[in-house]
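Order of writing sets the chain letters: A, B and C. Residues in each chain are counted from 1.
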């Protein structure tokens, strides 16, 4: 309790499904989910493995709280070696897939090898099967979802699937579950596609037990109360979703715009969370129908949205899946930014449409939007022409062009196949690697580190490539959580970033959503884990586990050639000053922060994990 | 006012209790011909399995329940009704007068005209007494032949199988449970039985039961399209259907068709005499015709309406009861509702999953659900009744159901909670 | 004062906290498949609908039970299953026109909402007040009765 202590290992090459016990010694060190699966990866997949070869292995894993009544406890992660970055990949998703895996009696499902033909995995409690997927290979996630539900005739079946992009090798393909939830980053969907696996479907009826029910109810109720009373998790996120940030970040001058040439986007308010509430002319409805929740989540930030029926993207489009004309998973901040301000597009329906496409075909909208934005800059600079773009006039602000590119990448066709390699490869191929806004080959999220200094250090050191979900110092620098720090200053950011990185790794390993960390510290997580699980889980121990995980990921990346040498930002962020807004004149002070960071991590000045640190953490 | 009720089954008991609710001072007498406390036949299989003691089959559990309600129970058979003098002749030799009479005498098993059917060792399974006799003979390894594969036959299968008997079922029709299951469903249940190591002969007829010498009590002749087979048996159970207990009404002036004909107030053609439950030919909601249903929910609903009319409550009418059944055949759960055979000009959809032992069939008239059959479904099945009996137009959901009948719950919610959903 | 569960689908986010609370209270395990309250998502329409027993006055289940295993709790108004008496005949599951009595093959008995004896866990667990336990005279009850009436068999 509250691990099932059972792992389902599926060897796709051999066509076998075998149960094995969960390594409980590793649980002691790494807790679950992100940490535990990373341990499995580092033990089983050599760091130099080609990510798209059969030798790579994919771990779908829950945390100890997954499937319980703790708020947001429906999470699962996909851990593998990333084809986009060559570093460790760990993508976390909500919805209802993780809890179903736990309910079926499995902590983790491992996919290794490669199937000779397209298959999907069916798990019904103890029974696991590898079944042919020829009929859904080449179909979208939504089509596959329908087909699988029809085939199994079970409305409660939970489906995680890849779209066409994942089959075609687009390097930032996501694994989508429950139609709209994504294990989105670092191309985990691409790895699944490389194994000829279209989907994993799960039905569990066993339920999840906890160690001390009374203490557990008390602890989780206390946690829920804190979430409800917190202005971010209790008001902002339910009301406006992740899009609560669009106006906030833009107003502080940290909204990356036009491939990061600018840091203030004029059209931000038109694509913001607030704009999603405005009734439109055509049918009098707002973009947002309501908010929804993932399993057990008392925050409920999910958007349920419709596209304006008169918008060009859907008008007279009988060819589209019916969901484009109805409610579906709506616009998230990172999609709104990457596909919007970064490409200069301020058309909220175009963005909602593109978001739907990303959901339907399993794409990471951050990498997609950023790659399109980089291509737009290259086009405007004349580095690429219409001959390269399949005739698309790829100017900033062109919504049709953004949509066309999205559709092409979704299908991995023509110019889309090239954009599907991500901005790092795309820009390098066309001779301008400096225009790729990436770290370790992964595109940045929506926070200009010239206006939010700590995030620059976070991006540069993030183990899965540029990412906001590894050390979200925005919480402190912008929102004042847990204490307000000056976003324009570098001082103290190394320690702040480390604290966030370590805590985040612990949150990610527990089976809960990182959004709880707006309101919870490890002091709030520990009692919930303690009541649910065997063993002693103090906040200190969780912090140490977080640090251990971070160092383990780093060691793997070092060996994979993605260590200290990759701890850097594109010159635009460290050399080109912000032109307008509150951060005008600023560049990111990575050079100042990085040595402090190495020192505080207990790493060598070169950024290597020292023997002492390894020994201290038991690595 | 003296109310007399013939029959101590669910219909009679519910009627008596409701009469008491409406009239504190009335004299209430129930006459039942079985010695035990009023019990439910529905519970007999569970008693036979051993899940419950005999007491577990009782309709009411509170000690002195009937005393407390001042309801008198008489153990006797009614031999004759004198509707002119309002007098009943009982098997005990005494007479009993009444002001209002409810006939809720139920039904009894049909005894098929087979030579040897009267031999000791041939039993129906209808009363607690029958259950006791069957339990005594159904020893491990005993060869048991069950004639008939209807509702009762199916629900006792598990009880017999659990006793490790060697079981054979013989059914005249082409499938099991032919009166509540269509061909696909009836054959799926048959396959399930075969899968559970029970021999099933459909299109089979037992032609003779002969006393035998040697290891087994009987030689049973079974005629099938392939010829005649001789089977050994130690116990023969007849479960070939039931018919209303109405023989004693001869000469009473009460009109009997298949059952006692009643109007929507549950009243017979004779003043002050009512009928309810298995013996009554009440209004069927789906067909609008009057027919014997012989099911538990109808019995209690009849009993309630009859009681209200007997105490003179205005407007207590039976708008028609819906024919429905739920059946557990050794763990395979099936149900059917209303016009599960469908109607001419109606549409239907079905989902057959033989590998999962699941089946769902929905029948529509225009965009209203009128009948349904399900196997392997146990969640929210009551909505099938709800949709049939409320006659809610399904609108666009009908086409969705034609595509995927499993969306029934969604259709139900969308049509009943439309304000919230649209 | 008679209390009843009041459900407002427009507030539901489909987090399933109610299902877990219910399954834990009823079965001692977090298992939505064992819940007496169920959330039905309508993806295209964009709404989530919680659904459970309304403890209707007609009590179809209670009247249909052949062995008196469904009884009225006079304090809460709930129709409760008496597990010791339920034989598992399932007649109530087809008699209830709302489909809110379900057979549980594991226990061989039926399960339905019993209002947790007057302190319903689902309402306590609901973070958005989509499920509340209120004075039955409150206006929302009328709304629910209307809905129940619409779904009820014609008499």
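What we mean here is this: a residue touches a chain if its C-beta (ideal position, glycine included) is under 8 Å from a C-beta of that chain, and two chains touch if they have at least 3 such contacts.
Computed from a predicted model, the values in this text were never measured in an experiment.
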{"item": "Closest chain to the centre of mass proxy, which here is the mean CA position", "value": "C"}
{"item": "Dominant chain pairing [most C-beta pairs in contact]", "value": "B-C"}
{"item": "Whole-Å gap between the CA centroids of subunit A and subunit C", "value": "38"}
{"item": "Whole-Å gap between the CA centroids of subunit B and subunit C", "value": "28"}
{"item": "Whole-Å separation of chain centres (CA-atom averages), subunit A against subunit B", "value": "58"}
{"item": "Multi-partner residues of subunit C (at least 2 other chains)", "value": "10, 45, 47"}
{"item": "Complex interface listing, subunit B residues touching subunit C", "value": "10, 14, 40-43, 46, 51-52, 56-61, 285, 296-297, 300-301, 304, 319, 322, 324-326, 328, 331, 333, 335, 337, 378-386, 389-392, 409-410, 412-414, 416-417, 419-422"}
{"item": "Contact set on subunit C toward subunit B in their complex", "value": "9-10, 38, 40, 42, 45, 47, 49, 51, 60, 63-64, 66-68, 85, 87-91, 93-105, 108, 147, 150-155"}
{"item": "In the complex, subunit A residues that touch subunit C", "value": "67-69, 71, 96, 103, 156, 179, 205-210, 213, 224, 228, 289-298, 300, 302, 304-306, 322-323, 326-328"}
{"item": "Complex contacts: residues of subunit C adjacent to subunit A", "value": "10, 13-17, 20-21, 23-24, 27-34, 43-48, 125, 127-128"}
{"item": "Residue numbers on subunit A that touch subunit B, as the complex places them", "value": "150, 153, 155"}
